[in-house]
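Report on the following structure.
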């Protein structure tokens, strides 16, 4: 039930420390969430034309180890909780067996005037992923 | 008549080469053009709400010397030519007396269906800047 | 004792939702931390040449309200705790009297081989900011 | 002989105009050049550790049509000219049969003190691509 999404580290992602600029990990996991949304059949372009966009409400992020140029990463995404108002996901960025970044992300939907609206039925119907087994991978 | 706009180089602008990532110079000069647009009395938020956005049509850019973290830069912008369809500007990024980047940029306006529309009157009425004197700086 | 740093929202900061792309708030507050580091007399370029860089270890971030193109924001930064291994800061992004974003950030220093090293003396000697009064603004 | 590289448009690439922010096309084509460099057997991480980085010297870019969120693009890269000091490439970003962006890019190599150095032998030996046939695709 866990969603996996590949990310390749580009030159543009690095900073003068020689590693991936920290804020770019948030871009990496957002790409994975967008792919997850697409994979369950939602079209964010159509949603936006109809006046609904996803927004991030809260992120708790741990930067465990640096990523480097040309690294082949994988974002693992699990849905923890779903309510009409909020979607909570656990996301980890892996390089092989090493976890580089881990985040808990809460997202919501807004209409064009910035008011919270109900999450799409496709997400509500799907519900959370099964809890991960105690031992992973 | 020349417009000047300050840019400070942030950590996020650098890459693993230890210098400003090349594409970010295009961001720096776009900030200066947006400030120029604001300074002549146009509101891009209101324009967008009314269905018009600026787009870049063409850029010819020379990367003369690298910029570094914490550099205090200045973008110099001059309007070369204005027609109802096109705005041509010459932009240079300076660090003190040293030119780091130089570009000729052509911009236009599109409506929400992506069709070209007339540039705002404030730009057409203003016209090009006087030619720069032969010797400068 | 609180540090204040202005941020102007550029076109490049926005996304197709018409608001600032969420990850860019992390860039805004990092600019403020870099300014804070500079203001207490540290030179991150010299530190890097000597083999030490700052890294972010943990971020807890709440996205309270959207920011928009041309917004004039202010980042407020307070040092909560300082140990030889960790610097903890509370940062808020304000638009006038409205808090748009709030984060707790933990930073550390690494050497060129990626090992944790002691924070600079200028930070250790300075210590945490006084607790904020109960009522603020 | 032409190199092809896929790019998917992410949410982070868009701006409040609802299209890809113009400067991001330069990132897209840089990713393709990095892939090309990798494909001919060069390791930019090792090059950098040995003190050589690629830099962009000049870009002539035409923005022909906007790209949008979720677009599947392809970057086509052809080597036009190679000298010990300069690598010139023609790059086009396609969405299916439609060219969205076209650029001529001149790159060079610098050492750690910022001086020009000879391009890697793998590039010099390879030389330019055959001229494209008059009719394409």
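Just so it is clear, A, B, C and D label the chains in written order, and each chain counts residues from 1 on its own.
Everything that follows uses one rule, which is that a residue touches a chain if its C-beta (ideal position, glycine included) is under 8 Å from a C-beta of that chain, and two chains touch if they have at least 3 such contacts.
None of the values given here were measured: they were computed from a predicted structure.
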Copies subunit A and subunit C touch via same or different residues, half shared test: same
Reference subunit D; chain at largest CA-centroid distance: C
Between C-D and B-D, the pair with more C-beta contacts: B-D
For subunit C paired with subunit D, centre-to-centre distance based on mean C-alpha positions, whole Å: 34
Separation of subunit B from subunit D, taking each centre as the mean of its C-alpha atoms, in whole Å: 23
Residue numbers of subunit B (touch at least two other chains): 11-12, 16-19, 23, 27, 30, 48, 69
Subunit B residues touching subunit C - in the complex, by the definition given at the top: 10-12, 18, 27, 30-31, 34, 38, 43-45, 48, 68-70
Of all residues in subunit A, those that touch subunit B in their complex: 11-12, 14-19, 21, 23, 69
Complex contact set, residues of subunit C against subunit A: 16-17, 19, 22-24, 26-27, 30, 48, 53, 55-63, 65-66, 114
